[in-house]
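Next come two complexes, and both contain chain A; in the first it sits with chain B, in the second with chain C.
Up next is the complex of A and B:
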């Protein structure tokens, strides 16, 4: 086989790969719906604020706490409005950006840092492993809200600092899970087999241990996604998170807290958005876990078990 | 019709999964009388455990479904009994012991408590239950039963735990004892003790024993009658001596033929070849540390104690030892996974324990390994192609990447698999096929020596024979030498040129395989050989060595 041919075959390969993956996504209907919902959220997060730059902030005192499904004020008020008469729909769309940005970066950062330290602690073991583990325990036992208060008081409440605090306080969860997985996988025979072949540490960690630990970590990360969104809202509620006029879903939930009896929709829509996003992420993670496991993949490949 | 104690009539059980139906057992008939032992003999997937599970009522339905047949116990069909009536039979009149004693005993209760529990559950007062539990422990051969009553499962050895399980099972004086592979996880000498104990208890109580096993030797040892199963069907049924001496069904014949060591000794010539591997005075001590500060106690465990051996080119050296004999430490030392406390390992005169990493890697290439459990030793997330080509990724400059796929296909065909298996994943193969894949991986670097660490122990006998046949072929084609580690003597009998017997980290006997078997000098070797007298008898009908 000459070079051009092999390059072509690799391209064909990747094309069929994409198609296979789409097909496998289509076969898991729940995950498919989740993926569609997440795409919509991401789409709004990207283009929303530029399409509706002012609608989210425009106060309309005539329409204070306007109920949902009432088209008197125009289609922007279909989901109702908050106590200052701002369109909830517009705020949801605009809020998607900061919400997703904060949650996604906090989860990713926490996941990465936690995994790195978890792998080191589990794989190296010994004194280094213990020091890492105990440090994580210290962070975990320290009230996370207090930690956030201190950090944000010292560092000024910016979006980047909010992400930092959220990632730091959730990091030990990934670390401990990852360490436990590594400890177990490290003792499996294929890792010993690789060692006997003379494999380097990098190879053993990245080719043998991490791929087997990843499914657990992915599932954990999607569960954390919702938790981080809510944690962010409590920070914002205390005035330490995102600062007005910027808006996040968590902040919207907190805003509506005082009106639950009279205008439930102020908290309800952002709350619904948070849980739908979390559930979608979770369904998608579940699908991903199945796809990545060679022993489970047949369930999505539309064929009988081999 | 004569009434038997326990009788399975025309039993068919299906398992349904995802629209497919698997016939686990088809029209199975067998019966068991008081005081006799029936062995159900079969390999994995033969359905040998299914009918016994049906007797105990521990088949999940669905997915299981009893299609036809009945199970008569003491004149009533227990398949139609209500759950509460069934509970009165289970444990009290039909008891069961399992293979995995560690998971069958609850780790948070003392063993005494667990034995008395079944008696209290069936209405014995706690004080009486305790007294009887201590009696039972004594009866199954646990020394100092008073003291051990309060010990927890992890404080017992595997053989002792099986004895505890037996004590719990016979606590209610059952009529039937179902033993599901009770000795498969145990060392042969321990196994012999357990089988003897079962025979003794049977003579005392007159219970019927249903022994489920894959091991012809065990069946020959304890059974009066034997039922041979293959793919859910009973293929042969009869007196154990008749079936083993004059098997009728081709499957039974094949099974008997596959028993290791029935083909005489390999024609051993004097070893004049080059010495490939030399292990000289290797020792590995583990210090014992105590207390919070981990202070050394001065005592140490000698995992390996002054072990020396040589392996010549083209030779098969068998290393036999039970658990704790140090054979695993020896293998790990040879593979460079543990550093010995003292001594040296030389490959063609060069030390393999050198500090020079590059030199060591080059030497390590020459020694490859095949592990016991092919399921565990292949990464489940890698395709077969990646598994087999991993050695080339680790040892660069052995084979250019462009030739990998071609070479993988070649290796797969050499080990008797099809070249297009390369794209598949380990879970799609059977145990024997997986072991072939592991062998292909070991061959990838064209080593001089392959260490087979219990490489066939986890396989069914017929598969075992095939894998050994493959190893013999590969040896002829590639001029390989093997270090063949096993926990049991028979496996090395018709394969190894020389055999080493290890006990407690020391080599107790070494010599040509024939001499070790026929003129063993050390009492431990003799004990190993004597642990399976009936199976040895089977071997007296040996055929000519296949060369």
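Up next is the complex of A and C:
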């Protein structure tokens, strides 16, 4: 009975935990709207393409450059169509999957590689740590878009290479942050205590240091998501990112560039989608930064008026 | 897109120099020697990376000569341009040329690559200069006023707008700008450099993101400065609020602002690539994109070298400014 009780209390605990987070999200209205928008985009990215398998590539010559808000061609054409008569709504949804997937994988890859090198550089220190840091500085001393442009022209612009380049060019940011965190946490008392008790390096890193560095890194990753998405869109826009028949929002904007005078909607909608998603991700990251900061957190925890 | 650091920890990133006590000249000398050595290593690393990456893109002959060119012509062509020698020999040749400031000739028209780059560079520099000046001015004024009453109506509106400005992709902004001002109202030209009107759209596209980021930094930095006791004292003495904001607080809030402004200025080249491509502006960004598409090695290398050099000079300048403004560094 004791056991069931404690299990129940743990469950309650995690339930209230989730509720607390939801409440804190609700209190920041901008972040809440951002979270809702992002959820919708993710939902469409996951479910959409399987519901409309071919609509994104289907050419309907009757509906070439169909204007938006015109239901003559059916619901699929509510946002209009491009010069080949492809439904913009369907392309937006399929593009959401590519755009989200590329950004998410690039952030994850950069986060993982950056964390590994950051921990090595911070924990081991010395000559190795310095060399790692200097290499990161070389990458960072050069504008990321230029670096990506040059590398992408060497490697063929496939989806995997775009992810690789984006991860590589943003990796130093994680590395530096992680290193700074590790350097700071390494000197705390509980780590010293663990060391005194003979904990192995693996145990120290994975049990004591990494869990404490993680909140900062997660906040950074959310913030980076928008930046990486914008970088990918810029690359695709310049024609050096993902290539057709793959669809990303940046590519769609580029497609419509030639038709601005006659069919503004072709590049307007995907650009709007990029902007809204980036803004939502930034709002959410801003909120997360407040939540993770103990000095700021009270702003989002309901203060009872006495 | 080089938001290298959080605005919040900006000064930490720049101010992590070890301050010794041997006096100012010694410290500054040591400091700049260190910075120069590090930057030179970075620069050299870039030279190597760019050279070998560019050679991996494929043989430029395939692009320049027609498919049915006889082999003898191909051989003659590659011998003339040195493509038949081993990579390492080409690299050695490239390095020794580099020392003599000879960056090779463009494959497109045979003109020296450096000439192309030097012709394009001032355009981008001017573009970035105006964009940076505009965003700094607007950011400082807006951020300072917003910080005067945090949470007030002006602050909320300014925060929201600066947030949007920092998040909207520049290429979309460019497209919407063309749509509204060139297609709908026909008041601004879409491409070229002839008149001052040609500069309006590119500069506006370039200035939005740095302005958004900088406004946020100015705001948070000013809030801290306005809460400090010296500003409270000044206010208590009845000093005019304009003097308090721009005279007392802003001077002390300047350091993080300069750090972020430096990063943003270095990142201008990212935006310039987009703006120059969309508006057909003959700057370094457009030159670089064109050269990449044309596999014009010499021009790519020269453009990258000069950009890196410019960023290097910019960083040194920021450090100098930092040393001038911060007495802790100056008298360290």
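Here is the rule we go by: the second predicted complex is superposed on the first by the 208 of 306 C-alpha atoms of A that agree within 3 Å, B and C clash if a C-alpha of one lies under 4 Å from a C-alpha of the other, contacts with A are read in each partner's own complex, and residues count from 1 in each chain.
In this text, a contact is a pair of C-beta atoms (placed from the backbone, for glycine too) under 8 Å apart; a residue touches a chain by one contact, two chains touch by 3 or more.
This one's a predicted model, so the numbers in the text were calculated from it and none came from an experiment.
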| said: Once chain A of both complexes is superposed, is A:18 in touch with chain B (first), chain C (second), both, or neither? | reply: neither
| message | Going by the contact rule set out at the top, does A:188 touch chain B (first), chain C (second), both, or neither? | response | first
| A:196 contacts which: chain B (first), chain C (second), both, neither? | first
| said: Is A:227 touching anything from chain B or chain C once the two structures are fitted on A? First, second, both or neither. | reply: second
| request: Counting touched residues of chain A, say whether chain B or chain C comes out ahead. | output: C
| note | Interface with chain C, chain A side, in the complex: residues 134, 137-138, 140-146, 149-151, 153-154, 173, 223, 226-227, 230-231, 233-234, 237-238, 240, 250, 253, 256-257, 260-261, 264, 267-268, 271-272, 274-275, 278-279, 282-283, 286
| request: Quick one: which bits of chain B touch chain A in the complex? Just the residue numbers, please. | output: 18, 20, 335-337, 361, 364-365, 368-369, 371, 373, 376-383, 390-391, 393-395, 424-428, 438, 441, 445
| remark: Note: in the complex, chain A contacts chain B through residues 188-190, 192-200, 203, 207-208, 211-212, 292-295, 304-306
| said: Could you list, by residue number, the parts of chain C that touch chain A in their complex? | reply: 1-6, 38-39, 41-42, 45-46, 50, 53-54, 56-57, 163-164, 166-172, 175-176, 178-179, 183, 266-267, 269-270, 273-274, 277-278, 288-289, 292, 300, 304, 307-308, 311-312
